[in-house]
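Each in C-alpha cells, the structures are laid out below.
One chain, chain A, appears in both complexes that follow, with chain B as partner in the first and chain C in the second.
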Partner chain A sequence: MDITFKNVSYIYQRNTPFAHKAVDDLSFHIPSGSFVAIIGHTGSGKSTLIQHLNGLAIPSEGEVTIGDFYLTNDKKPKNMKELRSRVGVVFQYPEHQLFEETVEKDIAFGPENFGVSKDEINKRIKDLIPAVGLSEALLERSPFDLSGGQMRRVAIAGVLAVKPEVLVLDEPTAGLDPRGQKEMMEMFYTLHKEQGLTTILVTHSMEDAVKYADHVIILNQGTKYMEGKPEEVFIQKEALHKVQLDVPEMVQFLNLFENKFGKSIPFERQSIKEIAQSIQHIVKGAEKP
Partner chain B sequence: MGKKLIEFRNVSFRYGDEQPWVLKNCSFDIYEKEWLAIIGHNGSGKSTIAKLMNGLLFPQEGEIIIDGQQVNEESIWSIRKDVGMVFQNPDNQFVGTTVQDDVAFGMENRGIPREEMITRISETLSAVGMQDYLLTEPHRLSGGQKQRVAIASVLAISPQVLILDEATAMLDPKGRTEIMQTVNNVQEKNELSLITITHDLQEVVQADRVIVMNDGEIWDEAIPRDIFSKKDDLREIGLDVPFVAILADELKANGISITKEPLNHEELLEDLWTLHLKT
Partner chain C sequence: MSNSLIIGQYVPGQSLVHKLDPRTKITIIFFFVFIVFFANNLVSYTLLTVFALASMFISRVPIRFILKGLTPVWFLIVFTFILHLFVTKEGTLIFDLYIFEFYTGGVIQGFAISMRFFLLILMTSLLTLTTTPIEITDAIEDMLHPLKKVKFPVHELALMMSISLRFIPTLMQETEKISRAQASRGVDFKTGPIKERAKAVVPLLVPLFVSAFKRAEELAMAMEARGYQGGEGRTKLRELKIEKRDILIYVLFACVIAGLIYTRNY
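Moving on to the complex of A and B:
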C-alpha cells in the first residue's frame, strides 16, 4: 500500500498547558513495496510517526493516506479494524504489546480477531515459532515470564501471524542477541521480498538501514531533516552530527583510513569483504596512484 | 585487581519448582572499581543474575555475598542501598509522577539532604540530556528518553555497585557512547563497580572483564580481547564479534597479516600502517 503524509502534525495533550508537538508539518511519500528506514535522535518523533500508520494516532493537523485509508483530525476511517489487519506494528517495548495468559494465546490473538480459522492459526504458529527463534516449550508460559529478548520474539510473532501487507517495526532488534538481530532482519527482508510487503523500519542501526533499506528518512524534532538513498545520506557526517547522529561504523572507519593513508575508498554500500579487498590494494601498494 | 565485592558461590536458580533451572551452579567474583560486562544469548540468565544481586530473587542453591554480607531477606534492605540497578524495561522502575520526583525518590530513601538532592537532580538530568523534562510524567517520554531518565535516577544515588541491564538499548550509537562515557566518568570518580549487561559489542570492548553466559552456565570469563578472539565459538552460542574484528578476519583472508586482534579502529589502522611502511 502507498503511504503519504501531507503536512502532518501531532500534538500530545492538546489544549493543555503541557501540549507538545511531537510531529511537526511532516510530508513524505512511500511507494508500495518500498523498504524505508526511519532514523532520528532520542525523542525526534519516530514512534509517534509510526503510530499513525495503523490509526493509533490520528493527525492533529494534515492528512495521512495509507492505500485507500484516509486519516485526518475530523475523519477517521470507518473500517479501522481492516486497516489494522493490513498494517502490522511491532512496538518499541514488547511489554506494551503482550497481554494474553500464554505465549500461544498471545500470538493467536491477532489472527483470531481478524477471523482466521483455528487450523490456519495453528499452522501459522507452528511456522512462526522457529522463524522468530523461540522454542515450542515456551508456548504455554505467560508472556511476562520470559526474558526480554524472548518477549520481543513473541511480540514479533504476534504481528507476523496476522500476515499484514505493511510491516512497521519500531526498533525490532533492540534486546535481541547478535545472532537474533541478524536472523530477524534476514527474516523480515525475505518476507518483504517474497510477499511484496511495504516495510517501515525505525532503527538505530545504520548498518541495518544500509543493508536493507532502499530509502532513508531522518527526523529531527518532529520534522523531516533529510531523505534519500542510504549511501547518499549516510556519508554526510557534518549534517548528521548537527542532529546528534553519526555515520555508520564502516563509514567512520573509511574516514579514518583516508586520514591515515591519504587515499579514499568511497562508500557504496560495499560488504565488509569488498572493503577488505580495497584496503588490501592500498596497503600492499598494489593500487595505481 | 582490587578487593572482592560480590561473590556468587555455586548459585543455582529456577523460577518455580516445576520450572527448568535457569542458572546452573554459577560461581564468579566481581571486584571493587571494575567494569564487568555480562553477555550471552537471549534467555541465558543475565537478567536473573542481576535480580539476584539486589535481592529481587533468592537462589535455591548456593550463596551470594556482597561486601561481606550474605544476600538474604534480612540483609537485603541494607544491601539494596549499595546496589543501584537500571532494568531492561524502564517502565518497571519509575515511581515518581514526574521526572524530577523520580530522580529524587532514590535519594530520599537514602536520606540525602534536600540541598544536595536539588544539585544532583539537575546535574544528573543534564548529564543524560534530559534537563528540559523535569516536570514531565515518565510514561509520557519516548523510549530513549525513559532510558536516559532511568540512568539519571541511578547515577543520582551513586551506589557502590551499579548494574545496567541493557540500559542503553533504545539509544542511537552516538547517544549510547555519550551516556556510557558519563557513566564511566562517574564510575571512576566515585570508584564504583559497574556491571553492564548488553548485546552491544562496542560497549563490551570497553569493559575491564567479560563474563559470557550460555544456557544458565558461565561459558567464559576473561578480558575482552581474549573473549573476542574466540570468534567461531562465540557465533556458535548466538554471539558475535565487533565490526573491526570481522574486518580484520576479512583482511587476513586477503593475505594481510594482522599481528594483534584489534578491539578498535585505531588498533587496526596502526597495524595496517606498519605493514604498509614495510611493503
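Moving on to the complex of A and C:
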C-alpha cells in the first residue's frame, strides 16, 4: 500500500497548558513495496509518526493516506479494524504485550480478532515458528517462562500472524545481543522480500539503515530534516552532526581512509567485502606502476 | 491521556499560592472544608466565595483549565440543585406544576448546597494544581509526625504515598503503550457490546500487572543497593520552612473565619 503524509501535524493535549506539538507539518511519500528507515534523535516525533500509520493517532492537521484509507482530523475511516489488519506494528519492546496462557494462544490472538479461521491460524503458526527462530516445543509453554529474546520473537510472530501488507517496526532490535539483532533484522528483510511487504523501520542504527533501507527519512523536532537514498543522505556528515546523528561506520571508515591515503572510494552502500576489494585494488594498483 | 480529570495534575508556576508552604495550604484547606458548612446566609457565602476566587486568581492557573477540570463534577452540582428544588418545602410557594411544587426555600437551599460543593472542589483542586505531589507527601509526613509516639509508621506511610504518586504517570504511560499495542492487534476498547469490552480489558491488565510487579521488585532492589534502611536517622533534601508569607496567609484566613462567625448572625 502506498503511504502519503501531507502537511501532517499532531498536537498532544490540545487546548491545555500542556499542549505540545510532536509532529509539525510533515510531508512525504512511501511507495508500495519499499523499505524505509526513519531516523531521528529521541523526541524527534518518530513514535508519534508511526501511530498515524494504523490510525492510533489521527492527525490534528493535514492528511494521511494509506492505500484506500484516508485519515484527517474531521474524518476517521469507519473500517479502522481493516486498516489495522493490513498495517502490522511491532512496537518498542513488544514482549510487554504478551498476556495469554500459552505462546500458541498469544500468537493466535491477533488473527482471531481479525476473524481469521482456526485452520488458517494453525497453518500460519506452523510457518511462523521456524521463521522467527523458535521451536514448536515452546508453543504450549507460558510466554512468561521464556527468555527475553524468545518473548520478543513470540510477540513479533503475533504481529506477523495477521499477515499485514505494511510492517512497521519501532526499534525491533533494542536490547538484544548483537547476534540476536542481526538474526532479527535478516528475518525482517527476508520477509520483506518474500512477501512484498512495505516495511517502515524506526531505528537508531545507521548501519541497519544502510544495509536494508532503500529510502531514508531523518526527523528532527517533529519536522522532516533530510530525505533520500541512504548513499546520498549518509555522506552529509556536517548536516547529520547538527542533529546529533552520526554517519555509518562504513562512511566514517571511508573518510578516514581518504584522509590517510589520499584516495577516495565513493560510498555506494557496498558491503564490507566489496570495500575490502576496492582497497586491495588501490593498494595493488599503487604497487604495480 | 485523560484530559478532563485534573485532580492530581500539577501546573507549574511562581505565584504566591505555589510558593506557600504545603503544610499551610493543607491546613487552610482542612479548615476551609469545615467552615464551608458554617456559612448560612448570602453575606457569609460571599465572603467564602471571594476568598476562594481570590486564591484562584492569585494562583494564575488558567481559569479555562480549572473550569474544564470541574466538568466531571458539574453534574453533581446541578443534580444537587435540582434535588433541593423538588424536595425542600419551605418558604413561599413560587408556582406549582401538576404534582410538583416549587418553594423559595428550595431555590435558596439548592443554591447554597451547590455553592458549597463548588467551593470545596475549587479549593481542593487548587491545592493539587499548585502543589507537587512530593510537596504534599512531605507535608503529610511532617504533620503526622506526632503519631510516631504511638508507633504509627509515619515514614513508611509517606514513602508508600510518594512511591505510588511517583508511579501514577509511569503506569498511565504503560497503560497507553499496551493499549496501543493491543489495539494494533485488533482489540477494540471503545465500541461493541459491554461484554466484549469487558473481555478486552484482560489483554491490557495482565501485561500491566506483570510489569508493575517486575518494576516493584527492581525498585526494592535498587533501594537496598543504595543502602535504604527506613526512616531512622534519615535527613531531608527539601526542608519545609514556614516563611513570613505563610504567617500572613494564616492571619488572613483567621480574619476570614472571624468574619464568617460574625456574619452568621446577620
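The definition used in the following text is that the second predicted complex is superposed on the first by the 271 of 289 C-alpha atoms of A that agree within 3 Å, B and C clash if a C-alpha of one lies under 4 Å from a C-alpha of the other, contacts with A are read in each partner's own complex, and residues count from 1 in each chain.
The working rule: a residue touches a chain if its C-beta (ideal position, glycine included) is under 8 Å from a C-beta of that chain, and two chains touch if they have at least 3 such contacts.
Owing to the predicted nature of the structure, the values given are computational and were not obtained by experimental measurement.
Between chain B and chain C, B contacts the larger number of chain A residues.
In the overlay built on the shared chain, the residue A:Ala19 is in contact with neither chain B nor chain C.
Contacts of A:Phe114 after superposition: chain C is touched, whereas chain B is not reached. Contacts of A:Gly88 after superposition on the shared chain: chain C is touched, whereas chain B is not. When the two structures are aligned on the shared chain, A:Gly158 is found in touch with chain C, with no touch to chain B. On chain A, the surface touched by chain B in one complex and the surface touched by chain C in the other have residues 12-13 in common. Note for the complex: chain A touches chain C at residues 12-13, 16-17, 51, 54, 56, 81, 84-85, 88-89, 91, 94, 96-99, 109-110, 112-114, 144, 158-159, 162.
For chain C in complex with chain A, the residues that touch the partner chain are 1, 3, 11, 62, 65, 68, 174, 177-178, 180-188, 202-203, 206-207, 210-211.
Listed in rising order, the residues of chain B touching chain A in the complex are 15, 40-43, 46-47, 88-89, 91, 129, 136, 140-145, 148, 166, 169-175, 199, 201-202, 235, 238-240, 243-244, 246-247, 250-251, 253-256, 265-266, 268-269, 272-273, 275-276, 279. Listed in rising order, the residues of chain A touching chain B in the complex are 12-13, 18, 39, 41-43, 47, 92-93, 95, 133, 145-150, 152-153, 170-171, 174-182, 204, 206, 244-246, 249-250, 252-253, 256-257, 260-261, 272-273, 275-277, 279-280, 282-285.
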